[in-house]
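The letters A, B, C, D and E name the chains in turn, as written, and every chain counts its residues from 1.
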Amino acid sequence: METLRRILPALLIAAAILAAWELYCVRAGVSPLLLPAPSDVARALVANRGEIAGHALSTASVTALGFSVSVAFAFLASVALHFVPPLERGLMPLFVVSQTVPLIALAPLMILWFGFGLLPKMLLVVLVTFFPMLVSLLSGYARAAQDHLDLLASMGAGKVALFRRVYLPSARAAFFAGLRISGTYAIVAAIFAEYAGARRGIGIFILSAKNNFRADLVLAAVVVSSVLTLGLLGVVRLIEWLSDRRRGHHAPR
Amino acid sequence: METLRRILPALLIAAAILAAWELYCVRAGVSPLLLPAPSDVARALVANRGEIAGHALSTASVTALGFSVSVAFAFLASVALHFVPPLERGLMPLFVVSQTVPLIALAPLMILWFGFGLLPKMLLVVLVTFFPMLVSLLSGYARAAQDHLDLLASMGAGKVALFRRVYLPSARAAFFAGLRISGTYAIVAAIFAEYAGARRGIGIFILSAKNNFRADLVLAAVVVSSVLTLGLLGVVRLIEWLSDRRRGHHAPR
Amino acid sequence: MLRVEALTVTARERTLVENLSLDLEDGRITCLIGPSGCGKTSVIKWLAGILPAGLAAAGKLAIDGRDISRPDPAIGYQPQGDALFPWLTIAENAALGLEVAGASRTSARARVAPLFPAFGLAGTEELFPDQLSGGMRQRVAFLRTIVRQSRFILLDEPFSALDAVTRMRMQLWFLARLEAEPRGVLMVTHDLREATEIADRVLVMAAAPGRIVADIPIETPRAARSEAALADLRQFLKSLLLEDFSS
Amino acid sequence: MLRVEALTVTARERTLVENLSLDLEDGRITCLIGPSGCGKTSVIKWLAGILPAGLAAAGKLAIDGRDISRPDPAIGYQPQGDALFPWLTIAENAALGLEVAGASRTSARARVAPLFPAFGLAGTEELFPDQLSGGMRQRVAFLRTIVRQSRFILLDEPFSALDAVTRMRMQLWFLARLEAEPRGVLMVTHDLREATEIADRVLVMAAAPGRIVADIPIETPRAARSEAALADLRQFLKSLLLEDFSS
Amino acid sequence: GQKVTLALDWTLNTNHVGLIVARDRGFYEKAGLDVDILPYSDTSSAALLTGGLADFAYVPSLAFISARASGADITALWVTMQHETGRLVYNADNKAITRPADLSGKTYAGFGSDWEKALIGTMIRTDGGKPEWNTVTLGTGAYEALASGAVDFTLEVSTWEGVNSKLLHRHQASFAYSDYGVPDQQNGYIATRAATLKDKPDLVRTFMRATLEGYEWAAENPERAADMMIAAGDFPNPELVRGSMQAITESGFLKDGDTPVGKIDAARLQRMAQFLADNGVLKDATGNVLKQPGDVSKWIDESWRDR
């Protein structure tokens, strides 16, 4: 009930947009080749649910794998960069450069190097998603209060203890903000990776829908991609909530 | 000198990677069509500098325009969502959904709606870059200390004054973190947008190089895209530095 | 006259403050003392209109018999911590209250600037809060509060971080200022000497739940108070603090 | 014996503390008093090995004649603020020092748990810092410091947020504890009564630049100190604080 | 002159040679037209045409048939290539492949259209093999994948990818679709909306005649046309353009005997449409499989050629 009330505005706005779109398509008689009406998309979605589900499953598993690796990698990288400042100066620019490579140029190379299996797609998902998490984690560490650091240092805490007891807890909020940004991109990244070469997946489905001139199926796949992403973000929220020590208590600040 | 010493590790690592790559290409005799050596790329870059510069200029201007609009939009949206919580509940999910639409599916629609001019490219850049900034700004506002809010509220400050004097300054670091994430993606987004239909630009250059089987030119364009991004990030850093009130003083925390 | 009637503050199941009533007279200083944790800050925060999210309150607040909603510009407030803004210079922090009340930057700065020397803060104008000592920060917070024109003023341990001499100087300055510009003051303090020397009235709170257990007017004019009489009063207050009021 | 020799602390062009030397005897309490902003916290932070980034220091620190590098486990420290971690419960905050020193979670918790009632903190174990009053938080910070075994201990205004009675209780508890477990204590305080009642020695600092202008041993055993003698001493200390040492 | 826009189906290449010639030799200008060749975009040219973003569009055969099947009101005015330019390629040193039947069980680098399935399935089946193979959808990455041996076969446009492979001395062999049960087809339609045809017949006529003049000139002067293309566009690989024009000329793709340049063969279009329908590739406007394409002669209009 409470949840429903909370997301009601979102549902209302979404419904209004869909209604306007449907009306526009019907009234203006837009060719479904260009812009299918929401009802067309829904029909296509239902008619092809079996096939789409298969592709979605494939994309979801690539994403799950890639995103987990990405979180782990971002965390480990943030730890390494935190502890070894010259490494930060050495690697951070390279990480930035890695983000500036248009995937369109990189993806085909990945396929050539790593084949058609899971690996290249996973790597592309990692490439797309690790960076916002890394930036967020580092900015989270930077948020550690000097008072807390000083206190612990005065207790003779080593670098590791400082990290575990101050930097890491200070970065909690920033970490989840980064996770939300990355999580938003994870599914799209997987789809994109599939676009560059795969046997199955929503990306392949979109490509083939497009090459068969089926805009309705393209949009149906978009809907599925959104649903998958919202699901992933829901999981992230759940983890944030479950890991919140103050869950039972009043909000801290 | 100081700057040079700071980026030295990055330069060394980059040089090592390039050297290994070059060596691999020469030793293994990889076809330059599959993977051109760095020297091939450099040669291609120099030989086509005039043409590439023209495309780069076009991409840079699309990015500049789109990114400025994006920053403005993200800021205004964050203000609106901050002041009208039901709006946040209504729009935020839609913003998230907007990020889950694979660009590959969206780009054609943009052309249909907005034609071949600057507008669709600009909109795609906005679409890609506004979200990290929005998330960062909102998480920055959430970082405002209760003490400060209470103090100002006790002075009878209205919502606007609270925003201007507490939320906004509290979000400064987060804003720049978001700007760095978004700035990293701005050029790539513009390149991607060009795929959806443009007369010139690095994206068009990549597409044409690829369809003319010139992998060296594709990589040359990647280099240019990285350089453009690093330039943009440099500008962001400069703005952060210039707008830092404690520039002359010691670091605050 | 500001009047609090039947204030009760609760945190979930716990009652922090119960059925507390008090009057704040115009132009007079009321000191609020009580054991640590008894609820002084909670009362002050409620008066200032900023009770923390986890707490709930019931009670009436009226000025001259008219119920008011808070925050009210007639009530100034200095928190127990200094709550200085780290991104503002000391001068800007000091001028903050005036600016929020609508003064222009320059006029606000002009109003606070002359007070810096008297507060022992000369030369700190362009520094940032983390470059000041704890006692200096507290004086900035006091300065920020006192320059605002408000009929009543709530001070939560305003001088706790000051040494005896600096504290005395600030008290004297404050009394002189109130002479020139009378206000109703509610001041939480742990310093019984301070309470007896500057208060027109001392309210004593007991804990669990927080309530007022003694209301002691000090009729003697401040200048005429004898050290002996004050020592007796302090002794009495101390005995009240020591007493076990748990019912 | 801990010995500081010729400590000078500078912030850019300004000299905050100049050529300061002091000894801290094992098992004895030394109180450090001085006007707000004179440099007490800076000295303490330097001793604790956490001088802020903007400041530079020169000076020697030796324990029993051996130079030491800081932070040193032989030196405990309670900051002027409470520096409680908002994401830890009160019990966890209290146990933090022990855990950092290598104790297990459970043994650390077991060591701090019995002290909660004596500190008036019973029942707050599972709360978070923002649910406590200022004075309660300060007692948690004191608890966190005192449970650590360290030969010397630096306390920066440890009881400033406590009312007279709670403060007295804490002092008594502290003295009893030191009786059982002697340590060398350096305590910054603004409360001259506190200084005279518990110190074995009082150091008086003057400001601009910070330096020690008086070193006053109190030879009389604590129990034997007469109120009158202490009042005289306080008067003397006050006069030192009032004096203008600017050279 | 009058503004005319034309949408392309792919990056500018030799299929479009007549358009470039007509523009850069001033044929359009002479006809009073100001032709804007729109940049290639990810959106199918048929969609751009249907949506009114272009007055004319260069539409590949499959796109044209599919669009018509799904009810788009567009009409073909012209077809560039008189025969199928596509073919199935594999590495010549791949001993396992000697005939289409051998492709069974092999890995195919595909582009993601149902037509490929129909095509390859038909070829294998016709050759007596079992129509089963692995598909990896790679798009433009297919050719590097084939060259590196990561896949066994793919499809190419002989006048573009094929020429490139030759220039690079890649040792490749190919099967022609029409040798194994797939009807031969023309490719590269130029189409317009029915509404344009009806409302502005003169515009269609002048535009198409100038276009015809361009392609005719290119067919007569392939080398000069190649140079003109290189001068006009961003061709980082000029040899490819020259080689491609040479291949087009040698195979008589533009000019097949005495058939007029650009002439549409309705019968072959009908056969291909039927082939696609039989293989379940065609869908109607609501996404249901279209079993019968109907009479395709209504899909074309060459009246602009009339005096």
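Remarks
Note that a contact is a pair of C-beta atoms (placed from the backbone, for glycine too) under 8 Å apart; a residue touches a chain by one contact, two chains touch by 3 or more.
All values reported here derive from a predicted model rather than from experimental measurement.
Chain centre most remote from that of chain D: E (centre = mean of CA atoms). Comparing the centres of all chains, each the average of its CA atoms, the largest separation from chain C belongs to E.
Here the largest set of C-beta contact pairs joins the chains A-B.
Chain A and chain C have Cα centroids lying 50 Å from one another. Computed from the mean C-alpha positions, the centre of chain B lies at a distance of 50 Å from the centre of chain C. Averaging Cα coordinates per chain places chain C and chain E 85 Å apart.
The set of chain B residues touching two or more other chains comprises 34, 104, 108, 112, 145-146, 195, 210, 249-250, 253.
Residue positions of chain C touching 2 or more other chains, listed in rising order: 52, 54, 81, 130-131.
Among all residues of chain E, those that touch two or more other chains are 44, 47, 51, 140, 144, 148. Within the complex formed with chain A, the chain D residues making contact are 45, 48-50, 52, 71-73, 75-77, 79, 81, 83, 85-87, 96-97, 100-101, 127-128, 130-131, 148. Every residue of chain A that touches chain B in the complex is listed here, in rising order: 6-10, 12-14, 17, 34-35, 86-87, 89-94, 96-97, 99-106, 109, 112, 131-132, 135-136, 139, 142-143, 145-146, 173-174, 177, 180-181, 184-185, 187-188, 191-192, 195, 202-203, 206-207, 210, 218-219, 221-222, 225-226, 228-230, 233, 253. Residue ranges of chain E in contact with chain A, taken from their complex: 44, 46-47, 50-51, 63, 66-67, 70-72, 111-115, 134-141, 144-145, 148, 150, 281, 283, 285-287.
Partner chain E is touched in their complex by these residues of chain B: 31, 33-34, 48, 51, 104, 107-108, 111-112, 115-116, 195-199, 204-205, 207-215, 217.
Residues of chain A touching chain D in their complex: 146-148, 150-157, 161, 165-166, 169, 172, 245-246, 249-250, 252-253.
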